[in-house]
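What follows is a set of notes on a single structure, which appears directly below.
Should a chain be cited, it is by its letter among A, B and C, assigned in written order, with residues numbered from 1 in that chain.
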Amino acid sequence: MEQLYNSVIEALIFASDEPLKPAEIIRAIHGIDGEDVEITPGDIDAAVELLNERYSLESHAFTIMRVAEGYLYSTRQQFAKYLGFLSSEKSKRRLSQAALETLAIVAYKQPITKPEVESLRGVNSDYTINTLLEKNLIAIAGRSETIGRPILYSTTEEFLRYFGLNKISDLPKPREIEEIMQDEDFLEQKRKLLMNAVEENLEKSMESSGEDAGTTE
Amino acid sequence: MEQLYNSVIEALIFASDEPLKPAEIIRAIHGIDGEDVEITPGDIDAAVELLNERYSLESHAFTIMRVAEGYLYSTRQQFAKYLGFLSSEKSKRRLSQAALETLAIVAYKQPITKPEVESLRGVNSDYTINTLLEKNLIAIAGRSETIGRPILYSTTEEFLRYFGLNKISDLPKPREIEEIMQDEDFLEQKRKLLMNAVEENLEKSMESSGEDAGTTE
Amino acid sequence: MYRIRLDQFEGPLDLLLFFIKRDEINIYDIPISRITKEFLEYVNLIKVLDLEIAGDFILMASTLMHIKVRMLLPREIDEKGEEIDPRAELVQRLLEYKRYKEMSEELSFFESETRKLFWRGNFEHDEKEAPPEYEVLLKNVSVYDLAKVFKNILMKATKKEPVHEIKKMPVTIDEQIEYIMAKFESFNELHFLSIVTGMREKIRIVVTFIALLELVKMGRLGLRESSNFNDFVMYKLNNGTTV
């Protein structure tokens, strides 16, 4: 690949507001300079690697991320606090626990129907699924062949972008059930216990016994 | 001004979705690091100047422009043709609201005539129907037997492929969309009804199974 | 009794897992009686608080009651001849739920990390050679969008009250009398269809027909059958007599 294309690749990714796929970069270069320009996805990945090394060396504030099987510029994490101060975008609420639970189920079991999600969560999920559809984090992916032919849902490219993932398989694997059962310590339950149990009792016991009543169990 | 702020300024301008004014940059830095940090609009302009010199020296594909009394990034002119190619490729794939409406009606009511589409939309739909025909998302499917024998339209294979559907009946029914689009108020009411129903059963089974279960209040 | 902020629980399974952890219960040997009792206490609380999740909790409560009753009955036997623990299914559900709850924490972590990243904010000022013409096609349009748009159209369409609008007629009978008589200036006989052919609005044809009846009443025109059953012939009269 010619040297010039390093800069073309830089410009194309820089000017894109969504993860830019290697195929799109190649199409633009072929579209302008002709089909006989030799350039492969591997070339592009190497160019991106090079660019990132230079940004790091030259200590620039941004880097190219691999997201949703494409490339997208982002600032480095260390500036988050300054950016967060000005940005209205990021002051947006985080996803609710319900939304995250539902997304986790859809991400690992996709494509999946709403009844299946609901039976796993034990709660009605109409509202959550609608929220996720509106946010384009999940999408309708056809119908199941089971009785009633319920709608199937799967995650989207926006899901990958939102969580900074290159592909679904970048998510850690869920633990096996056997493994969970062997847990001596249901860590997360403990955390919840510490977080929100007994606030009132705690206060009371602090009042009455004074001192180090903070150890709640 | 401290060296660090060169990078902070770089990151802030990079992530801003409109030309970023010096006052905003100062506000963010003061907001995070305290009001006593000394930084003037002149410092910021000098920092931008420095960044641009470096981009030029390091031959990067972008530069910071001064626009509307603020700063914003832009890719260099010489890459315009590649960007133009990409953006026209992308704009090709955007569907206007009018076209989407028409497509939705054809998808759900097919085969359907233009007058029927127009009576549902309440506006003349010549242009959008032609656009959709050109894009091969809808096609002529014969003529209606009614007076004047108007042309009937239906969706195409291309339509199914785009939306990842196997057949038209895979489209969610309005009832299903209704279900997931319900607002929270409605869900709450539904739950209350369910609650009352289950409650009765619950009390009955508590009475019959005896023991200590009933003494909970 | 611990006081728990109920809205912190995503649902009945979440609450049950909490009890199990808190009381260090062996998940294989859940004391169903005790846990049912506790669960019901919380359900009552939810009812008082009128939380919207109450329905799902009550559903679980009835499941627990059901298990409790089955525990009192002789054990059912599976095909291998082993006793079926009435709690087995619930345990399986709890573990499976826990599994995805853990994954939601992973997602939450990825979310936090990604929120520290800021994508480039302003793209409009990049120098682009303008695409020749604006073409329309599909991008970022999902099946859901399509369905939602259709639903909104239907809602709009059904909301429209049937409005009986009285439109001012674009034609008058007098005008059409003149129109017909003008035609008869060069003919003594005309087919009805020949004078209405080419009229675009239905109303114009109707008014023309009424004008014709008016002319017949006035004795200025007469009518007779045509060889074509869908048409008839008009002929000029002079004060009731054929010209």
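Definition applied: contacts are C-beta pairs under 8 Å (C-beta built on N, C-alpha and C of every residue); 3 or more make two chains touch, one makes a residue touch a chain.
Bear in mind that the values here come from a model prediction, so they are computed numbers and not experimental data.
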item	value
Taking each chain's C-alpha mean as its centre, the one farthest from chain A	C
Chain whose averaged C-alpha position falls nearest the assembly-wide average	B
Centre-to-centre distance between chain C and chain B (centres being mean Cα positions), rounded to whole Å	20
Rounded Å distance between chain A and chain C, as computed from the means of their C-alpha atoms	30
Euclidean distance of C-alpha centroids - chain A vs chain B, Å	17
Contacts with 2+ other chains: residues of chain C	53, 55-56, 118-120, 126, 128, 140, 142-144, 147
Multi-partner residues of chain A (at least 2 other chains)	14-16, 62, 73, 75, 79, 83, 87, 89, 124, 133, 140
Partner chain B, residues of chain A touching it in the complex	7-8, 10-12, 14-16, 24, 27-29, 31-32, 54, 58-62, 73, 75-76, 79, 81-83, 85-87, 89, 114, 124, 126-127, 129-130, 133, 140-143, 151
Chain A contact footprint on chain C (complex, rising order)	2-5, 8, 10-14, 17-18, 20-22, 27, 53, 55-56, 60, 92-93, 95-108, 110-120, 123, 126, 128, 140, 142-144, 147
Interfacial residue positions of chain A with respect to chain C in the complex	14-17, 62, 65, 72-75, 77, 79-80, 83, 87, 89-90, 94-95, 97-98, 100-101, 103-105, 107-108, 120-124, 133, 136, 139-140, 156, 162-165, 171-172, 174-175, 177, 180-181, 186, 188-190, 192-193, 195-201
List of chain C residues in touch with chain B within their complex	33, 36-37, 40-41, 44, 47, 52-56, 58-59, 61-62, 65-66, 68-69, 72, 118-122, 125-132, 134-151, 153-154, 156-157
